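Before I ask anything, let me first share the structure, which is written out below as structure tokens.
Letters are used for the chains, namely A, B, C, D, E and F, taken in the order the chains are written, and counting of residues starts over at 1 for each.
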Amino acid sequence: MGIPNPALDSSLHNSECLDPIWDAIRKEAKLEAEKEPILSSFFYSSILSHNCLEKALAFALANRLQKPTLLATQLMDTFFNVMKQDKGIQQSIRLDIQAFKDRDPACLSYCSALLYMKGFQSLQVYRVAHALWGQGRKILALALQSRISEVFGVDIHPAAKIGDGILVDHGTGVVIGETATIGNRVSLMQGVTLGGTGKETGNRHPKVAEGVLIGAHASILGNIRIGECVMIAAGSLVLQEVSPHSIVAGVPAKVIGRVHDHYPSLTMQQGN
Amino acid sequence: MGIPNPALDSSLHNSECLDPIWDAIRKEAKLEAEKEPILSSFFYSSILSHNCLEKALAFALANRLQKPTLLATQLMDTFFNVMKQDKGIQQSIRLDIQAFKDRDPACLSYCSALLYMKGFQSLQVYRVAHALWGQGRKILALALQSRISEVFGVDIHPAAKIGDGILVDHGTGVVIGETATIGNRVSLMQGVTLGGTGKETGNRHPKVAEGVLIGAHASILGNIRIGECVMIAAGSLVLQEVSPHSIVAGVPAKVIGRVHDHYPSLTMQQGN
Amino acid sequence: MGIPNPALDSSLHNSECLDPIWDAIRKEAKLEAEKEPILSSFFYSSILSHNCLEKALAFALANRLQKPTLLATQLMDTFFNVMKQDKGIQQSIRLDIQAFKDRDPACLSYCSALLYMKGFQSLQVYRVAHALWGQGRKILALALQSRISEVFGVDIHPAAKIGDGILVDHGTGVVIGETATIGNRVSLMQGVTLGGTGKETGNRHPKVAEGVLIGAHASILGNIRIGECVMIAAGSLVLQEVSPHSIVAGVPAKVIGRVHDHYPSLTMQQGN
Amino acid sequence: MGIPNPALDSSLHNSECLDPIWDAIRKEAKLEAEKEPILSSFFYSSILSHNCLEKALAFALANRLQKPTLLATQLMDTFFNVMKQDKGIQQSIRLDIQAFKDRDPACLSYCSALLYMKGFQSLQVYRVAHALWGQGRKILALALQSRISEVFGVDIHPAAKIGDGILVDHGTGVVIGETATIGNRVSLMQGVTLGGTGKETGNRHPKVAEGVLIGAHASILGNIRIGECVMIAAGSLVLQEVSPHSIVAGVPAKVIGRVHDHYPSLTMQQGN
Amino acid sequence: MGIPNPALDSSLHNSECLDPIWDAIRKEAKLEAEKEPILSSFFYSSILSHNCLEKALAFALANRLQKPTLLATQLMDTFFNVMKQDKGIQQSIRLDIQAFKDRDPACLSYCSALLYMKGFQSLQVYRVAHALWGQGRKILALALQSRISEVFGVDIHPAAKIGDGILVDHGTGVVIGETATIGNRVSLMQGVTLGGTGKETGNRHPKVAEGVLIGAHASILGNIRIGECVMIAAGSLVLQEVSPHSIVAGVPAKVIGRVHDHYPSLTMQQGN
Amino acid sequence: MGIPNPALDSSLHNSECLDPIWDAIRKEAKLEAEKEPILSSFFYSSILSHNCLEKALAFALANRLQKPTLLATQLMDTFFNVMKQDKGIQQSIRLDIQAFKDRDPACLSYCSALLYMKGFQSLQVYRVAHALWGQGRKILALALQSRISEVFGVDIHPAAKIGDGILVDHGTGVVIGETATIGNRVSLMQGVTLGGTGKETGNRHPKVAEGVLIGAHASILGNIRIGECVMIAAGSLVLQEVSPHSIVAGVPAKVIGRVHDHYPSLTMQQGN
């Protein structure tokens, strides 16, 4: 199932190298700036005035999240300093933005994912917060989680482990708990909960494998495994392990079918 | 040097004619301004200082949505310019505000819908964005969609087609996709999704007929028809066409009853 | 089932008395301010510069909710004036913050509940709005409801009656209607609706008894009683009375089990 | 339900007629927007999106003076409503902007006077405040005076009477008292005071005739007449009547020369 | 020369006592709030919602000076905490406000001094900064000096010593150095400098005695004494001691007359 | 007169080199952050979180000058990009900050000049605007001039030529014209004007040589030369060339003495 992924091939953002996604974003921004004068300076200052994708993203996120106790200039520095030193995040950014472009038919450009999609933006702030958490700056990481929850309604604990090529569509109401893990190429719709059950601390959240698609407002609770290429229908409640390639639905959820020969997260097929 | 300037000569906005909703709003605002001094200037500047409903609405929306790259003054002009030239929007505003007053028992006045209800406000910004989309200003329309999604947690694609007399109650988490259509007199609760399935572009979202009521967090996915006067129970997942006057519930949803002699969207009966 | 509650034992905030929660918050804030310089002034101005919990809370809420027509300084005065004269609210604040600390394993400190958890913050603004409603300042109370709905996505009518020791986890999308009542020690997850059915005014929302746990995105509609220690599974739709100690699930919900010997709201067990 | 609404029917603001200054401003703005992408949206929203000079000026002033208790949208409406009904102000605006363009060699365009010169902007706010004062809205007029004094350091009492074609260069520290009058085509440099002496109310400020030039930080005190085409040197203190065409200098000032055959305010000659 | 001063007679602000200035301010504010709806909430939140003059002043100053690194709520607490514990400041506030009302004919009410006059407001922030300086909080005191200099263009060193009943008219450009002292009942016009000469630290600024009037843009430099009831003409430069009751003018200044039988600072006579 | 200047000796800011001023600033900031908790995060984010003086200065200036049409993040990038590529500006920053520390006895630390002194901050923005002017970005340069004039009351044309080691004390009301030149080690007090006379464009402003001291509110008008080590008394009006080492005073100014053996700008002696 070796899915070809052009984003992976680019050798990131040092200026001598190719960065086809960044090139595409700049082309899109130029076109859009010419078409809409109300927003032309916004495109310029958000994208065209920067020399790499990481700087543009740090700029966009900082201006979205700023408040009096978190200055935009301070946030921009914090975000950019993390991103520029972490090749893993650089790759994740590109694979995520490609996921939005590929899987969300309403996402017409990389540029719109970068500037407008709160699912994408929330995920990238999580990636920075996760790195800060790993460096021991837990207090700042939690402050970022709180801010994202307030601004976007997306609540991702900085200790959660999330792979690459993730689509968080619309985002409002998504909750991802402290010990949750999410594999590569997973797609989550709005209102999805990867929550705990019980009040004990420790390993208590779901482990979601590669290629899974989780429908809107589905709740998956407890330290259970969701196998590769599972499709969980919108509105379902999942309390038990789901074996790979299953389709589950219901409150609580039962297996109602099988996924054949595709990644639900990539085809985005939500029926059976 | 007396330079004649026709732009300033015409005597605009005298209100010789009847607009009973606007009259009611002004009466309500006067009473409320007298009762609550903390908010009296807010009622004055939002309502009493304007000479028509469209101006007041443009004022309220602009001040809610402003951010550094979208100045309130710019937004107010943009909203008012669209509204004043589009008789369809003028009518929709009044029918929507009447819907909130009639169907939401917690909505005690037109004024509170106008100033406080984010479902109502989101819908009116959608109406302006839809008009801009039709004029080819897609980039600005998408920027407004993004802003509404951020501020209110309501995500309505500007290309969707939505009738008159719509109630979007509470609103948080509502998602309405690009090719969705909604008939007149429909009521939607918080968390409702009219979404696509699959990742192909094209006609892929639900068509909701007149008089339908959709309960909280219900997901309706794919290019399927929801017939007149259907009632979809809260939390349901609908993946297939629903015939008129049906009551459906479940994940996935099944028919569990019939609607007799009334519009569910108007009676707001959510049980069977 | 006399659950010991240390928060109750403290004789509130007059300076001669013990207030162990406030003492704990100050200790936590001192430690965190030393660890994270970006946030040290935030901890100082939010907590360390105040001499009681009510002042600190009024400060935090005012700075979160401020906008041009609701100045932070005005809000801080309004919140503090209500809190300092109402011993009931003083007790509720402490019991609620203890509930977050005890039941949410991701809540590592009182301090983080106070500063970061929008469920906690929304609930405290509701408590002030409820008091204002009782004093006849309904217009201001509704303005606060609207503001909380906008900032946090939590929509609690100021006339609702809510007991002590309440956990509102994550909070996004929670809706609690005008005539709803909630007993002590109840836990609500994100997206929970306690809604009405029909459009008549009057007593039309659920009555939730002590010790109930309601899972994410569950909808409970109509003037029905939810008995003591009930557990309602995530995603369920409840349209009928539920007898004490039942576990219910489904759309619409059915009884699927019994709660034995514990408060679901305290153990947070979400499976059966 | 088609409610006829005359407020929205009339077709305002078509510009069939000549306004050469407004035409020039638009041409300048187009050129500058193309040259500087950081500011292109600023030029668009400040000038190019408006259909008359009064609207553009109201927009620029409102965004400069706004603060939480004076919303930009409210100010824009207030300024525009005064300007559009007052032909005198419309003419003054154009004569003043021409004065800046003609007499200040650093003012390279009308556009830069409109957008950047605080002397010009202060003067136009005074003109609006003066009109409001005449309508009996003294409280609002004084609030505008206070705001201009805070933002620009220019303090002009709204009851002062000021002619057309006035240059207030740089502006910082200018003070013009309640009963001062200023004739047409006068030029004032930064720090000029037209003040009172004594503490009695009543007619107590200078009367400055046409064509006068007053140098930086000069103070003219008391109800004294400054004759036509007088030149007052920078730093002077004038306590007594000055006859027409005199040059005065010193603390206190003495006549040191005569003005021959020109308006000092137009030639801006500051020596003798 | 025992000048009667009604402000002095009131026994300050504890609620059982008379506070005629605060009573007058509240009466004025009520009248103005009724006349101007745009500002009615501003009068309410600035004055009518408070129960003493110190709270109202702290509120007004905090909202004027706030910026992201100095939150309004934090400033309000800081100002009020200083004022409520310092009877000297309480008296100075009342004597200063009386000075504005008595000596500035354009100051029609106490209320307008409190809310609008930047000379008055700057002086009160200096009083708080001076108290903080005395408590050893020099860093915060200097931050307040810097903020006042930025917002109002008034630069008063917190270590300067300033008496009661001071009028700082208009205020723009006033500079008062670290070791300057100013006696009671002094009046200073805009642009006045009490500066040092030389670069050595130590006692290097003027000592201004009671009853002195200093005209606009006058500079007084060095550790020199300005005697009682001196009048310094606008624009003068004073480098040497001035004996009591002298009138001085010029650059550098010479004695040009005598003050007879009055306090220049109270009569505000600026000629001789 | 080889005045030793330690700032000049440091080999600027590349990290391997010594930068004693930057080292001193960091030490000061650490001490002050510990003393004043309200400002500790301000010191951290303004100074301690940066790795060179240019970044810290760009941060401080950006946060002071931001407004909706000039985002702080955009300004910070613009300022830093100019500073990091221009060794001349890097040297000027250090010589200017040394000048404030050496000559202003109230300036107790480099840190306070950097963060609080609007004369210093205005001058550094001028330096950036001057560089942008030289690169042909005149529109942006003029926008910065306008913003500095608004925020600080200091109006320096970006085309003016200004040397190193300049003290602009207090700053309010300073005006420096387009064709003015200022030599090294000059000191200017508040309200100083280097202005033009007449309205013709071209070379029309003063040329001020090295070592000059200009007192408060002095006006120097026209294309005249002010010789080395001249002292111009406060409040003077200078319309003619002044030969080196002269002391001048008066309106208009006359020679009243000679400067012996020192730089007036360094000794700051303002008398004769």
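By our rule, a residue touches a chain if its C-beta (ideal position, glycine included) is under 8 Å from a C-beta of that chain, and two chains touch if they have at least 3 such contacts.
The chain lineup, named per UniProt: A, B, C, D, E, F = serine O-acetyltransferase.
Since the structure is predicted, the reported quantities are computational estimates derived from the model, not experimental observations.
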Chains touching both chain C and chain E: A, B, D, F
Farthest chain relative to chain E (centres taken as mean CA coordinates): A
Between A-F and A-E, the pair joined by more C-beta contacts: A-F
Same or different residue numbers at the chain A/chain D copy interface, by half rule: same
Cα-centroid distance, chain B relative to chain F, in whole angstrom: 55
Chain B-chain C separation of Cα centroids, rounded to whole Å: 29
Of all residues in chain A, the ones touching two or more other chains: 38-39, 41-42, 45, 49, 63, 68-69, 71, 74, 153, 172-173, 191, 217, 235-236, 250-251
Chain B-touching residues of chain F, taken from the complex the two chains share: 68-69, 71
Touch list for chain A against partner chain C, complex: 68-70, 74, 78, 137, 139-140, 142-143, 145-146, 149-150, 153, 155, 157, 172-173, 175, 177-178, 191, 193, 195-202, 204, 217-219, 221-222, 235-237, 239, 250-252
Complex interface listing, chain B residues touching chain D: 1-8, 10-19, 41, 45, 49-52, 54-55, 59, 62-63, 69, 71-74, 76-77, 83-85, 87, 90-91, 94-95
Of all residues in chain F, those that touch chain E in their complex: 32, 35-36, 38-39, 41-42, 63-64, 102-106, 112, 115-118, 151-153, 170, 172-173, 189-191, 215-217, 233-236, 249-251, 253, 256, 266-271
Sites on chain C touched by chain F in the complex: 33, 37-42, 44-45, 48-49
